[in-house]
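Here come two complexes built around chain A, the first alongside chain B, the second alongside chain C.
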Partner chain A sequence: MDVSHSIRERTIAENSLVILLQGLHGQVTTVDLRDESTARGRVINVDAFMNIRLEKVLYRDRRGHVSSMDDLFITGRNVRYVHIPDHMNIIETIETQLAKIHRVRNFGASGGRKEYSKKK
Partner chain B sequence: MADDAEQQQSSNTVEEPLDLIRLSLDERIYVKMRNDRELRGRLHAYDQHLNMILGDVEETVTTVEIDEETYEEIYKSTKRNIPMLFVRGDGVVLVAPPLRVG
Partner chain C sequence: MVVLKSLHPPSEGVRLQQADTTAVVDRKRLGSGTLFVAEAHLSWFDGSGMGFCLEYPSISLHAVSRDLSAFPEEHLYVMVNAKLDDEAEAEQLDKASDDEESDSDDEDLGTITEIRFVPSDKTRLEPLFSSMCDCQALHPDPDDVHTDDYEGEEYDVEEAEQEQGQVQGDVPVFYSYEEGLSQLTSEGQATLERLEGMLAQYHMAGVRNDQPSAQFEGMEVDSNTVAGQSDDADEQRFCTAD
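Coming up: the complex of A and B.
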(Lines of atoms letter the chains of each structure in order from A and count residues from 1; the text may use other names and numbers.)
(Lines give C-alpha, C1' and ligand atoms only; values in the text may rest on other atoms or scores of the structure.)
Protein backbone atom coordinates (compact mmCIF):
# COMPACT_ATOMS: atom_id res chain seq x y z
CA MET A 1 0.00 0.00 0.00
CA ASP A 2 2.90 2.27 -0.80
CA VAL A 3 2.64 5.75 -2.22
CA SER A 4 4.19 6.32 -5.65
CA HIS A 5 7.87 7.22 -5.65
CA SER A 6 7.36 9.86 -8.28
CA ILE A 7 6.60 13.43 -7.21
CA ARG A 8 4.76 14.02 -10.46
CA GLU A 9 2.50 11.02 -9.92
CA ARG A 10 1.83 11.97 -6.32
CA THR A 11 0.73 15.44 -7.38
CA ILE A 12 -1.46 14.17 -10.18
CA ALA A 13 -3.09 11.65 -7.84
CA GLU A 14 -3.56 14.18 -5.07
CA ASN A 15 -5.53 16.47 -7.37
CA SER A 16 -7.95 13.97 -8.86
CA LEU A 17 -10.29 11.15 -7.93
CA VAL A 18 -7.67 8.55 -8.91
CA ILE A 19 -6.63 8.78 -5.29
CA LEU A 20 -9.78 6.91 -4.33
CA LEU A 21 -8.85 4.08 -6.69
CA GLN A 22 -5.42 3.98 -5.08
CA GLY A 23 -7.14 3.38 -1.79
CA LEU A 24 -8.57 0.16 -3.25
CA HIS A 25 -5.26 -1.70 -2.95
CA GLY A 26 -5.96 -5.25 -1.80
CA GLN A 27 -9.70 -5.12 -2.51
CA VAL A 28 -11.48 -7.33 -4.99
CA THR A 29 -13.24 -5.21 -7.59
CA THR A 30 -14.66 -5.40 -11.07
CA VAL A 31 -13.24 -3.13 -13.77
CA ASP A 32 -15.40 -2.51 -16.83
CA LEU A 33 -13.22 -1.79 -19.81
CA ARG A 34 -13.89 0.52 -22.74
CA ASP A 35 -14.35 -2.41 -25.09
CA GLU A 36 -17.22 -3.85 -23.01
CA SER A 37 -15.13 -6.59 -21.43
CA THR A 38 -14.86 -6.91 -17.65
CA ALA A 39 -12.11 -8.00 -15.30
CA ARG A 40 -12.73 -9.02 -11.70
CA GLY A 41 -9.77 -9.47 -9.40
CA ARG A 42 -7.76 -8.15 -6.48
CA VAL A 43 -6.21 -4.71 -6.97
CA ILE A 44 -2.43 -4.83 -6.71
CA ASN A 45 -1.73 -1.27 -7.80
CA VAL A 46 -3.32 1.79 -9.37
CA ASP A 47 -1.11 4.63 -10.61
CA ALA A 48 -1.86 8.28 -11.23
CA PHE A 49 -2.81 7.56 -14.84
CA MET A 50 -5.41 5.01 -13.72
CA ASN A 51 -3.32 2.09 -15.03
CA ILE A 52 -4.55 -0.85 -12.92
CA ARG A 53 -2.83 -4.09 -12.01
CA LEU A 54 -5.09 -6.92 -10.89
CA GLU A 55 -4.28 -10.42 -9.70
CA LYS A 56 -6.27 -13.66 -9.74
CA VAL A 57 -8.51 -12.27 -12.41
CA LEU A 58 -11.70 -13.55 -13.95
CA TYR A 59 -11.82 -11.90 -17.35
CA ARG A 60 -15.00 -11.85 -19.37
CA ASP A 61 -14.46 -10.67 -22.94
CA ARG A 62 -16.94 -8.83 -25.16
CA ARG A 63 -18.54 -12.05 -26.29
CA GLY A 64 -19.05 -13.29 -22.74
CA HIS A 65 -16.25 -15.84 -22.87
CA VAL A 66 -14.69 -16.18 -19.42
CA SER A 67 -11.02 -16.88 -18.80
CA SER A 68 -8.83 -16.63 -15.73
CA MET A 69 -5.49 -14.91 -15.36
CA ASP A 70 -2.93 -14.64 -12.60
CA ASP A 71 -2.01 -11.07 -13.39
CA LEU A 72 -3.61 -8.42 -15.56
CA PHE A 73 -2.45 -4.92 -16.43
CA ILE A 74 -5.10 -2.52 -17.69
CA THR A 75 -4.11 0.77 -19.33
CA GLY A 76 -5.85 3.75 -17.75
CA ARG A 77 -7.36 4.83 -21.06
CA ASN A 78 -9.18 1.53 -21.36
CA VAL A 79 -11.03 1.85 -18.07
CA ARG A 80 -14.71 2.74 -18.29
CA TYR A 81 -15.95 1.92 -14.77
CA VAL A 82 -14.52 0.60 -11.54
CA HIS A 83 -17.04 -1.02 -9.22
CA ILE A 84 -16.41 0.18 -5.70
CA PRO A 85 -16.99 -2.47 -2.99
CA ASP A 86 -20.17 -1.74 -1.00
CA HIS A 87 -18.52 -1.62 2.39
CA MET A 88 -16.03 1.09 1.52
CA ASN A 89 -16.10 4.48 3.17
CA ILE A 90 -15.13 6.84 0.37
CA ILE A 91 -14.26 9.99 2.32
CA GLU A 92 -12.21 8.02 4.82
CA THR A 93 -10.28 6.23 2.08
CA ILE A 94 -9.48 9.48 0.28
CA GLU A 95 -8.37 11.15 3.50
CA THR A 96 -6.14 8.19 4.39
CA GLN A 97 -4.48 8.29 0.98
CA LEU A 98 -3.97 12.06 1.18
CA ALA A 99 -2.43 11.64 4.64
CA LYS A 100 0.06 9.13 3.22
CA ILE A 101 1.12 11.56 0.52
CA HIS A 102 1.52 14.40 3.01
CA ARG A 103 3.55 12.19 5.30
CA VAL A 104 5.95 11.44 2.46
CA ARG A 105 6.10 15.08 1.47
CA ASN A 106 6.94 16.24 4.98
CA PHE A 107 9.55 13.55 5.50
CA GLY A 108 12.49 15.65 4.39
CA ALA A 109 10.92 18.96 5.38
CA SER A 110 13.38 20.30 7.94
CA GLY A 111 16.79 20.34 6.29
CA GLY A 112 15.79 17.95 3.55
CA ARG A 113 14.95 18.64 -0.07
CA LYS A 114 11.54 20.22 -0.40
CA GLU A 115 9.19 19.20 -3.16
CA TYR A 116 8.22 22.76 -3.81
CA SER A 117 9.71 25.99 -2.44
CA LYS A 118 7.50 28.25 -0.38
CA LYS A 119 8.36 31.78 -1.36
CA LYS A 120 7.38 34.29 1.28
CA MET B 1 -13.45 17.26 -4.83
CA ALA B 2 -10.45 15.12 -4.00
CA ASP B 3 -8.57 17.76 -2.03
CA ASP B 4 -11.58 18.69 0.11
CA ALA B 5 -9.85 17.71 3.33
CA GLU B 6 -7.24 20.39 2.79
CA GLN B 7 -8.78 23.24 0.83
CA GLN B 8 -12.43 23.73 1.60
CA GLN B 9 -14.20 25.12 -1.46
CA SER B 10 -16.13 27.62 0.61
CA SER B 11 -17.07 29.84 -2.32
CA ASN B 12 -20.72 29.37 -3.10
CA THR B 13 -20.67 31.44 -6.28
CA VAL B 14 -20.83 29.78 -9.64
CA GLU B 15 -17.75 30.88 -11.54
CA GLU B 16 -17.07 28.17 -14.06
CA PRO B 17 -19.03 25.28 -15.59
CA LEU B 18 -17.58 22.78 -13.12
CA ASP B 19 -19.19 24.78 -10.34
CA LEU B 20 -22.57 23.84 -11.78
CA ILE B 21 -21.71 20.22 -11.15
CA ARG B 22 -20.70 21.12 -7.61
CA LEU B 23 -24.27 22.30 -7.06
CA SER B 24 -25.46 18.76 -7.83
CA LEU B 25 -23.28 17.04 -5.22
CA ASP B 26 -25.27 14.48 -3.27
CA GLU B 27 -28.19 14.89 -5.65
CA ARG B 28 -29.40 12.45 -8.22
CA ILE B 29 -28.09 13.28 -11.67
CA TYR B 30 -28.27 12.11 -15.23
CA VAL B 31 -25.02 11.43 -17.08
CA LYS B 32 -24.88 10.88 -20.82
CA MET B 33 -21.86 8.86 -21.84
CA ARG B 34 -20.18 7.80 -25.05
CA ASN B 35 -21.29 4.64 -26.82
CA ASP B 36 -25.00 5.26 -26.22
CA ARG B 37 -24.86 4.85 -22.48
CA GLU B 38 -26.69 6.77 -19.80
CA LEU B 39 -26.28 6.73 -16.05
CA ARG B 40 -28.69 7.84 -13.37
CA GLY B 41 -27.33 7.95 -9.87
CA ARG B 42 -26.40 10.00 -6.81
CA LEU B 43 -23.29 12.11 -7.31
CA HIS B 44 -20.89 11.57 -4.43
CA ALA B 45 -17.72 13.05 -5.90
CA TYR B 46 -16.23 14.44 -9.09
CA ASP B 47 -12.99 15.98 -10.28
CA GLN B 48 -11.72 18.24 -13.05
CA HIS B 49 -11.54 15.32 -15.50
CA LEU B 50 -15.17 14.54 -14.77
CA ASN B 51 -14.16 11.28 -13.12
CA MET B 52 -17.16 10.67 -10.86
CA ILE B 53 -18.29 8.50 -8.02
CA LEU B 54 -21.96 7.64 -8.38
CA GLY B 55 -24.08 5.74 -5.88
CA ASP B 56 -27.20 3.66 -6.58
CA VAL B 57 -26.57 3.81 -10.29
CA GLU B 58 -28.77 2.61 -13.10
CA GLU B 59 -26.90 2.21 -16.38
CA THR B 60 -28.88 2.16 -19.61
CA VAL B 61 -27.25 0.90 -22.80
CA THR B 62 -29.20 1.61 -25.97
CA THR B 63 -28.72 -0.41 -29.14
CA VAL B 64 -30.23 -0.07 -32.57
CA GLU B 65 -31.03 -3.09 -34.63
CA ILE B 66 -32.04 -2.87 -38.24
CA ASP B 67 -34.79 -5.25 -39.31
CA GLU B 68 -33.52 -7.17 -42.33
CA GLU B 69 -36.82 -7.07 -44.21
CA THR B 70 -38.53 -3.83 -43.27
CA TYR B 71 -35.29 -1.89 -42.66
CA GLU B 72 -36.89 -0.23 -39.67
CA GLU B 73 -34.77 0.72 -36.70
CA ILE B 74 -35.54 -1.15 -33.50
CA TYR B 75 -34.26 0.57 -30.38
CA LYS B 76 -33.46 -1.71 -27.49
CA SER B 77 -32.15 -0.73 -24.11
CA THR B 78 -30.49 -2.82 -21.42
CA LYS B 79 -30.39 -1.66 -17.83
CA ARG B 80 -28.37 -2.74 -14.86
CA ASN B 81 -27.97 -1.48 -11.32
CA ILE B 82 -24.69 -0.96 -9.51
CA PRO B 83 -24.47 0.17 -5.86
CA MET B 84 -21.29 2.27 -6.13
CA LEU B 85 -19.47 3.13 -9.31
CA PHE B 86 -16.33 5.03 -10.26
CA VAL B 87 -16.72 6.51 -13.74
CA ARG B 88 -13.71 7.56 -15.80
CA GLY B 89 -14.19 11.11 -17.02
CA ASP B 90 -13.22 10.67 -20.63
CA GLY B 91 -16.40 8.69 -21.26
CA VAL B 92 -18.67 11.45 -19.99
CA VAL B 93 -20.52 13.57 -22.54
CA LEU B 94 -22.87 15.60 -20.36
CA VAL B 95 -24.12 15.93 -16.80
CA ALA B 96 -27.62 17.16 -15.96
CA PRO B 97 -30.34 16.95 -13.34
CA PRO B 98 -32.44 13.81 -13.84
CA LEU B 99 -34.89 14.18 -16.71
CA ARG B 100 -38.41 14.67 -15.52
CA VAL B 101 -41.26 13.58 -17.77
CA GLY B 102 -44.51 15.57 -17.43
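Coming up: the complex of A and C.
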Protein backbone atom coordinates (compact mmCIF):
# COMPACT_ATOMS: atom_id res chain seq x y z
CA MET A 1 0.00 0.00 0.00
CA ASP A 2 3.05 2.25 0.15
CA VAL A 3 3.62 5.01 -2.34
CA SER A 4 6.83 4.47 -4.29
CA HIS A 5 9.95 6.14 -2.93
CA SER A 6 10.96 7.12 -6.42
CA ILE A 7 9.98 10.56 -7.66
CA ARG A 8 10.09 9.25 -11.19
CA GLU A 9 7.68 6.41 -10.42
CA ARG A 10 5.28 8.73 -8.60
CA THR A 11 5.24 11.10 -11.55
CA ILE A 12 4.65 8.31 -14.03
CA ALA A 13 1.91 6.81 -11.88
CA GLU A 14 0.21 10.17 -11.47
CA ASN A 15 0.01 10.60 -15.20
CA SER A 16 -1.34 7.22 -16.22
CA LEU A 17 -3.99 4.73 -15.26
CA VAL A 18 -1.34 2.58 -13.61
CA ILE A 19 -2.41 4.52 -10.56
CA LEU A 20 -5.68 2.60 -10.65
CA LEU A 21 -3.80 -0.69 -10.61
CA GLN A 22 -1.80 0.51 -7.64
CA GLY A 23 -5.07 0.86 -5.82
CA LEU A 24 -5.54 -2.86 -6.18
CA HIS A 25 -2.99 -3.71 -3.50
CA GLY A 26 -4.44 -6.44 -1.31
CA GLN A 27 -7.19 -7.40 -3.75
CA VAL A 28 -7.50 -10.80 -5.36
CA THR A 29 -7.79 -10.51 -9.09
CA THR A 30 -6.90 -12.04 -12.44
CA VAL A 31 -4.18 -10.83 -14.76
CA ASP A 32 -4.30 -11.86 -18.41
CA LEU A 33 -0.90 -12.03 -20.03
CA ARG A 34 -0.03 -11.30 -23.62
CA ASP A 35 0.69 -14.96 -24.32
CA GLU A 36 -2.88 -15.72 -23.23
CA SER A 37 -1.95 -17.36 -19.98
CA THR A 38 -3.67 -16.07 -16.85
CA ALA A 39 -2.68 -15.59 -13.25
CA ARG A 40 -5.13 -15.20 -10.40
CA GLY A 41 -3.91 -14.16 -6.99
CA ARG A 42 -3.64 -11.39 -4.42
CA VAL A 43 -1.97 -8.20 -5.60
CA ILE A 44 1.11 -7.45 -3.53
CA ASN A 45 2.48 -4.60 -5.58
CA VAL A 46 2.12 -2.81 -8.89
CA ASP A 47 4.88 -0.39 -9.84
CA ALA A 48 4.84 2.49 -12.30
CA PHE A 49 6.05 0.20 -15.09
CA MET A 50 3.05 -2.05 -14.52
CA ASN A 51 5.21 -4.85 -13.16
CA ILE A 52 2.78 -6.85 -11.02
CA ARG A 53 3.61 -8.98 -8.03
CA LEU A 54 0.99 -11.49 -6.92
CA GLU A 55 0.90 -14.02 -4.11
CA LYS A 56 -0.94 -17.34 -3.74
CA VAL A 57 -1.41 -17.60 -7.44
CA LEU A 58 -3.27 -19.99 -9.66
CA TYR A 59 -1.42 -19.83 -12.93
CA ARG A 60 -2.96 -21.25 -16.08
CA ASP A 61 -0.46 -21.38 -18.90
CA ARG A 62 -1.35 -20.85 -22.53
CA ARG A 63 -1.96 -24.56 -23.04
CA GLY A 64 -4.40 -24.63 -20.15
CA HIS A 65 -2.23 -26.37 -17.59
CA VAL A 66 -2.89 -25.06 -14.12
CA SER A 67 -0.31 -24.85 -11.39
CA SER A 68 -0.12 -22.92 -8.16
CA MET A 69 2.63 -20.52 -7.27
CA ASP A 70 3.41 -18.86 -3.97
CA ASP A 71 4.73 -15.66 -5.47
CA LEU A 72 4.57 -14.46 -9.04
CA PHE A 73 6.14 -11.42 -10.68
CA ILE A 74 4.86 -10.43 -14.11
CA THR A 75 6.83 -7.98 -16.20
CA GLY A 76 4.69 -4.99 -17.18
CA ARG A 77 5.36 -5.54 -20.82
CA ASN A 78 3.63 -8.89 -20.68
CA VAL A 79 0.42 -7.74 -19.13
CA ARG A 80 -2.57 -7.64 -21.43
CA TYR A 81 -5.46 -7.13 -18.99
CA VAL A 82 -5.86 -6.66 -15.30
CA HIS A 83 -9.33 -7.45 -14.05
CA ILE A 84 -10.74 -4.87 -11.69
CA PRO A 85 -12.90 -6.53 -9.03
CA ASP A 86 -16.58 -5.65 -9.41
CA HIS A 87 -16.91 -4.28 -5.89
CA MET A 88 -14.27 -1.61 -6.43
CA ASN A 89 -15.20 2.01 -7.04
CA ILE A 90 -12.77 3.04 -9.74
CA ILE A 91 -12.97 6.82 -9.37
CA GLU A 92 -12.63 6.63 -5.60
CA THR A 93 -9.65 4.34 -5.90
CA ILE A 94 -7.89 6.70 -8.29
CA GLU A 95 -8.60 9.70 -6.04
CA THR A 96 -7.33 7.88 -2.96
CA GLN A 97 -4.11 6.94 -4.72
CA LEU A 98 -3.57 10.50 -5.94
CA ALA A 99 -4.10 11.81 -2.41
CA LYS A 100 -1.47 9.42 -1.12
CA ILE A 101 1.03 10.68 -3.64
CA HIS A 102 0.28 14.28 -2.73
CA ARG A 103 0.70 13.59 0.97
CA VAL A 104 4.09 12.05 0.34
CA ARG A 105 5.06 14.98 -1.82
CA ASN A 106 4.00 17.60 0.77
CA PHE A 107 5.77 15.88 3.61
CA GLY A 108 9.14 16.88 2.25
CA ALA A 109 8.19 20.26 0.82
CA SER A 110 6.34 22.05 3.59
CA GLY A 111 7.88 20.81 6.85
CA GLY A 112 6.03 22.43 9.72
CA ARG A 113 3.18 23.64 7.62
CA LYS A 114 1.90 20.10 7.46
CA GLU A 115 0.12 20.63 10.77
CA TYR A 116 -2.18 23.21 9.25
CA SER A 117 -3.01 21.20 6.18
CA LYS A 118 -6.70 20.97 5.46
CA LYS A 119 -6.25 17.76 3.51
CA LYS A 120 -7.62 14.46 4.73
CA MET B 1 20.20 -13.89 -27.03
CA VAL B 2 21.38 -16.53 -24.63
CA VAL B 3 23.67 -19.45 -25.21
CA LEU B 4 25.51 -21.88 -22.98
CA LYS B 5 29.09 -20.87 -23.20
CA SER B 6 32.12 -19.99 -21.24
CA LEU B 7 31.44 -16.79 -19.38
CA HIS B 8 32.69 -15.36 -16.14
CA PRO B 9 30.37 -14.72 -13.25
CA PRO B 10 29.39 -11.10 -12.68
CA SER B 11 31.82 -9.14 -10.53
CA GLU B 12 29.64 -6.20 -9.61
CA GLY B 13 26.01 -5.44 -8.82
CA VAL B 14 25.45 -8.92 -7.46
CA ARG B 15 22.43 -8.79 -5.17
CA LEU B 16 22.39 -12.46 -4.31
CA GLN B 17 24.15 -15.60 -5.27
CA GLN B 18 23.07 -19.10 -4.46
CA ALA B 19 25.35 -22.07 -4.73
CA ASP B 20 24.17 -25.64 -5.00
CA THR B 21 21.42 -24.71 -7.41
CA THR B 22 20.34 -26.97 -10.23
CA ALA B 23 19.26 -25.35 -13.46
CA VAL B 24 16.56 -27.04 -15.53
CA VAL B 25 15.99 -25.60 -18.97
CA ASP B 26 12.79 -26.69 -20.72
CA ARG B 27 12.75 -29.81 -18.56
CA LYS B 28 16.37 -30.63 -19.30
CA ARG B 29 18.58 -30.78 -16.23
CA LEU B 30 21.90 -29.02 -16.57
CA GLY B 31 23.35 -30.06 -13.24
CA SER B 32 24.24 -28.14 -10.15
CA GLY B 33 25.84 -24.73 -10.13
CA THR B 34 25.62 -21.21 -8.75
CA LEU B 35 22.84 -18.76 -9.51
CA PHE B 36 23.79 -15.06 -9.61
CA VAL B 37 21.09 -12.42 -9.27
CA ALA B 38 22.91 -9.31 -10.44
CA GLU B 39 21.56 -5.91 -11.37
CA ALA B 40 22.71 -6.19 -14.97
CA HIS B 41 21.55 -9.73 -15.65
CA LEU B 42 20.64 -13.10 -14.22
CA SER B 43 23.24 -15.80 -14.68
CA TRP B 44 24.05 -19.34 -13.72
CA PHE B 45 27.36 -21.21 -13.86
CA ASP B 46 28.10 -24.87 -13.36
CA GLY B 47 31.26 -26.21 -11.74
CA SER B 48 33.31 -26.16 -14.95
CA GLY B 49 32.73 -22.48 -15.70
CA MET B 50 30.11 -23.03 -18.40
CA GLY B 51 26.92 -21.13 -17.94
CA PHE B 52 24.30 -18.83 -19.34
CA CYS B 53 23.21 -15.31 -18.85
CA LEU B 54 19.71 -13.82 -19.09
CA GLU B 55 18.81 -10.21 -19.81
CA TYR B 56 15.99 -8.97 -17.59
CA PRO B 57 13.98 -7.51 -20.48
CA SER B 58 13.79 -11.03 -21.89
CA ILE B 59 12.18 -12.37 -18.72
CA SER B 60 8.39 -12.40 -18.97
CA LEU B 61 7.75 -13.55 -15.44
CA HIS B 62 9.31 -15.32 -12.52
CA ALA B 63 7.76 -17.12 -9.57
CA VAL B 64 8.27 -19.30 -6.53
CA SER B 65 6.68 -22.62 -7.30
CA ARG B 66 5.89 -25.05 -4.50
CA ASP B 67 3.36 -26.99 -6.53
CA LEU B 68 4.80 -30.50 -6.56
CA SER B 69 2.27 -31.70 -9.11
CA ALA B 70 3.72 -29.30 -11.65
CA PHE B 71 7.35 -30.12 -10.86
CA PRO B 72 8.69 -32.55 -8.26
CA GLU B 73 10.72 -29.95 -6.40
CA GLU B 74 10.15 -26.45 -5.04
CA HIS B 75 11.92 -24.04 -7.32
CA LEU B 76 12.30 -20.58 -8.79
CA TYR B 77 10.46 -20.52 -12.11
CA VAL B 78 11.56 -18.14 -14.84
CA MET B 79 9.85 -17.70 -18.19
CA VAL B 80 12.06 -16.22 -20.88
CA ASN B 81 10.63 -14.95 -24.14
CA ALA B 82 13.45 -16.33 -26.21
CA LYS B 83 15.08 -19.60 -27.05
CA LEU B 84 18.21 -20.55 -25.14
CA ASP B 85 19.46 -23.50 -27.14
CA ASP B 86 20.67 -22.55 -30.53
CA GLU B 87 22.84 -19.74 -31.75
CA ALA B 88 21.40 -20.35 -35.20
CA GLU B 89 17.91 -20.06 -33.91
CA ALA B 90 18.88 -16.90 -32.10
CA GLU B 91 20.05 -15.41 -35.38
CA GLN B 92 16.80 -16.38 -37.01
CA LEU B 93 14.87 -14.59 -34.34
CA ASP B 94 16.94 -11.46 -34.87
CA LYS B 95 16.05 -11.50 -38.55
CA ALA B 96 12.40 -12.01 -37.77
CA SER B 97 12.31 -9.02 -35.46
CA ASP B 98 13.92 -6.86 -38.11
CA ASP B 99 11.13 -7.68 -40.52
CA GLU B 100 8.36 -6.76 -38.15
CA GLU B 101 7.73 -3.13 -37.36
CA SER B 102 5.03 -3.67 -34.76
CA ASP B 103 5.19 -5.29 -31.34
CA SER B 104 6.59 -8.71 -30.88
CA ASP B 105 3.42 -10.60 -30.05
CA ASP B 106 3.88 -13.06 -32.88
CA GLU B 107 7.47 -13.91 -32.24
CA ASP B 108 6.88 -14.15 -28.49
CA LEU B 109 4.14 -16.72 -28.68
CA GLY B 110 6.20 -19.49 -30.15
CA THR B 111 9.48 -18.80 -28.49
CA ILE B 112 9.52 -19.21 -24.79
CA THR B 113 11.92 -21.01 -22.56
CA GLU B 114 11.02 -22.25 -19.13
CA ILE B 115 13.89 -22.28 -16.69
CA ARG B 116 13.72 -23.70 -13.23
CA PHE B 117 16.33 -22.97 -10.60
CA VAL B 118 16.23 -25.56 -7.86
CA PRO B 119 18.32 -24.57 -4.85
CA SER B 120 19.12 -27.27 -2.37
CA ASP B 121 18.23 -24.75 0.35
CA LYS B 122 14.51 -24.14 -0.16
CA THR B 123 14.45 -21.29 2.34
CA ARG B 124 16.35 -19.21 -0.19
CA LEU B 125 13.50 -19.20 -2.68
CA GLU B 126 11.78 -16.10 -1.31
CA PRO B 127 14.94 -13.95 -1.07
CA LEU B 128 15.94 -15.02 -4.58
CA PHE B 129 12.46 -14.15 -5.84
CA SER B 130 12.53 -10.74 -4.13
CA SER B 131 15.93 -9.72 -5.41
CA MET B 132 14.89 -10.73 -8.92
CA CYS B 133 11.84 -8.45 -8.54
CA ASP B 134 14.13 -5.59 -7.53
CA CYS B 135 16.49 -6.15 -10.44
CA GLN B 136 13.62 -6.52 -12.90
CA ALA B 137 12.33 -3.12 -11.81
CA LEU B 138 15.69 -1.64 -12.83
CA HIS B 139 14.96 -2.57 -16.42
CA PRO B 140 11.74 -0.91 -17.48
CA ASP B 141 10.49 -1.58 -20.97
CA PRO B 142 12.16 0.90 -23.34
CA ASP B 143 9.16 0.69 -25.66
CA ASP B 144 6.74 1.83 -23.01
CA VAL B 145 5.47 5.33 -23.86
CA HIS B 146 4.80 6.28 -20.25
CA THR B 147 8.32 5.90 -18.95
CA ASP B 148 9.14 9.07 -20.86
CA ASP B 149 6.61 11.10 -18.90
CA TYR B 150 9.12 11.92 -16.25
CA GLU B 151 11.44 14.73 -17.26
CA GLY B 152 13.49 16.56 -14.67
CA GLU B 153 12.20 17.61 -11.28
CA GLU B 154 8.88 16.47 -10.05
CA TYR B 155 6.32 19.22 -10.42
CA ASP B 156 5.18 20.32 -7.01
CA VAL B 157 1.90 22.13 -7.32
CA GLU B 158 2.06 23.81 -3.92
CA GLU B 159 5.61 24.95 -4.43
CA ALA B 160 4.76 26.49 -7.77
CA GLU B 161 1.83 28.41 -6.32
CA GLN B 162 3.90 29.83 -3.49
CA GLU B 163 6.51 31.04 -5.89
CA GLN B 164 3.90 33.04 -7.72
CA GLY B 165 3.02 34.78 -4.45
CA GLN B 166 -0.55 33.57 -4.56
CA VAL B 167 -1.35 31.84 -1.32
CA GLN B 168 -4.83 30.53 -1.73
CA GLY B 169 -7.35 30.60 1.07
CA ASP B 170 -5.74 30.63 4.47
CA VAL B 171 -3.64 33.75 4.70
CA PRO B 172 -4.75 37.20 3.47
CA VAL B 173 -2.13 39.07 1.54
CA PHE B 174 -1.03 42.48 2.79
CA TYR B 175 1.24 44.79 0.88
CA SER B 176 3.49 47.40 2.39
CA TYR B 177 3.25 50.84 0.76
CA GLU B 178 6.21 50.32 -1.51
CA GLU B 179 5.09 46.82 -2.50
CA GLY B 180 1.60 48.08 -3.13
CA LEU B 181 2.87 50.86 -5.37
CA SER B 182 4.92 48.42 -7.38
CA GLN B 183 1.86 46.26 -7.96
CA LEU B 184 0.00 49.11 -9.68
CA THR B 185 -0.29 49.34 -13.39
CA SER B 186 0.35 52.78 -14.88
CA GLU B 187 -3.39 53.31 -15.05
CA GLY B 188 -3.67 52.37 -11.41
CA GLN B 189 -0.92 54.72 -10.55
CA ALA B 190 -2.64 57.62 -12.30
CA THR B 191 -5.83 56.85 -10.43
CA LEU B 192 -3.96 56.79 -7.14
CA GLU B 193 -2.41 60.18 -7.82
CA ARG B 194 -5.77 61.66 -8.70
CA LEU B 195 -7.39 60.32 -5.58
CA GLU B 196 -4.54 61.51 -3.41
CA GLY B 197 -4.86 64.90 -4.95
CA MET B 198 -8.54 64.99 -4.15
CA LEU B 199 -7.79 64.06 -0.57
CA ALA B 200 -5.33 66.90 -0.40
CA GLN B 201 -8.17 69.40 -0.81
CA TYR B 202 -9.79 68.28 2.37
CA HIS B 203 -6.81 68.34 4.65
CA MET B 204 -7.32 69.85 8.10
CA ALA B 205 -5.82 73.19 8.86
CA GLY B 206 -2.14 73.06 9.56
CA VAL B 207 -1.70 69.92 7.67
CA ARG B 208 0.29 70.76 4.66
CA ASN B 209 0.34 68.91 1.48
CA ASP B 210 3.91 69.31 0.39
CA GLN B 211 3.39 68.20 -3.14
CA PRO B 212 2.13 70.79 -5.56
CA SER B 213 -1.01 69.50 -7.24
CA ALA B 214 -0.87 70.00 -10.92
CA GLN B 215 -4.54 69.04 -11.16
CA PHE B 216 -5.68 72.21 -9.40
CA GLU B 217 -4.24 74.77 -11.70
CA GLY B 218 -7.55 76.49 -12.05
CA MET B 219 -7.89 77.04 -8.33
CA GLU B 220 -6.01 79.03 -5.83
CA VAL B 221 -4.20 76.72 -3.52
CA ASP B 222 -3.02 78.43 -0.42
CA SER B 223 -0.88 76.14 1.64
CA ASN B 224 -1.75 78.05 4.82
CA THR B 225 -5.45 77.76 4.58
CA VAL B 226 -7.81 75.03 3.69
CA ALA B 227 -8.68 75.03 0.06
CA GLY B 228 -12.08 74.10 -1.24
CA GLN B 229 -15.62 74.72 -0.12
CA SER B 230 -16.34 71.91 2.26
CA ASP B 231 -18.38 72.44 5.40
CA ASP B 232 -15.62 70.98 7.45
CA ALA B 233 -13.25 73.63 6.25
CA ASP B 234 -15.69 76.38 7.27
CA GLU B 235 -16.08 74.92 10.69
CA GLN B 236 -12.39 74.83 11.11
CA ARG B 237 -12.16 78.49 10.38
CA PHE B 238 -14.73 79.23 12.96
CA CYS B 239 -12.84 77.18 15.44
CA THR B 240 -9.59 78.89 14.91
CA ALA B 241 -11.29 82.19 15.15
CA ASP B 242 -12.17 81.34 18.67
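The rule is simple: the second predicted complex is superposed on the first by the 110 of 120 C-alpha atoms of A that agree within 3 Å, B and C clash if a C-alpha of one lies under 4 Å from a C-alpha of the other, contacts with A are read in each partner's own complex, and residues count from 1 in each chain.
Note that a contact is a pair of C-beta atoms (placed from the backbone, for glycine too) under 8 Å apart; a residue touches a chain by one contact, two chains touch by 3 or more.
What you see is a predicted model; the values in this text were computed from it and never measured.
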{"item": "Joint occupancy of chain A by chain B and chain C, clash or fit", "value": "fit"}
{"item": "Which superposed partner A:S67 touches (first chain B, second chain C, both, neither)", "value": "second"}
{"item": "Partner chain in contact with A:R77 - chain B first, chain C second, else both or neither", "value": "both"}
{"item": "Partner touching more residues of chain A, whether chain B or chain C", "value": "C"}
{"item": "Partner chain in contact with A:T11 - chain B first, chain C second, else both or neither", "value": "second"}
{"item": "Touching partner for A:L98 - first (chain B), second (chain C), both, neither", "value": "first"}
{"item": "First, second, both or neither for A:V57, with chain B first and chain C second", "value": "second"}
{"item": "Contacts of A:I90 with chain B and chain C, given as first, second, both or neither", "value": "first"}
{"item": "First, second, both or neither for A:V43, with chain B first and chain C second", "value": "neither"}
{"item": "Lowest inter-chain C-alpha distance for chain C and chain B in the superposed arrangement, angstrom", "value": "6"}
{"item": "Overlapping contact positions on chain A, where the chain C interface meets the chain B interface", "value": "15-16, 18, 34, 50, 76-77"}
{"item": "Chain C residues touching chain A - in the complex, by the definition given at the top", "value": "57, 59-67, 69-70, 77, 81, 105, 108-109, 112, 125-126, 129, 132-133, 136-137, 140-141, 143-144, 146-147, 149-150, 153-159, 169-170"}
{"item": "Residue numbers on chain B that touch chain A, as the complex places them", "value": "2-6, 44-49, 51-53, 82-88, 90-91"}
{"item": "Chain C contact footprint on chain A (complex, rising order)", "value": "7-8, 10-12, 15-16, 18, 33-35, 39, 47-51, 53, 57, 59, 62, 65, 67-78, 102, 105-106, 109-110, 116, 118"}
{"item": "Sites on chain A touched by chain B in the complex", "value": "14-21, 34, 50, 76-77, 79-86, 88, 90, 94-95, 98"}
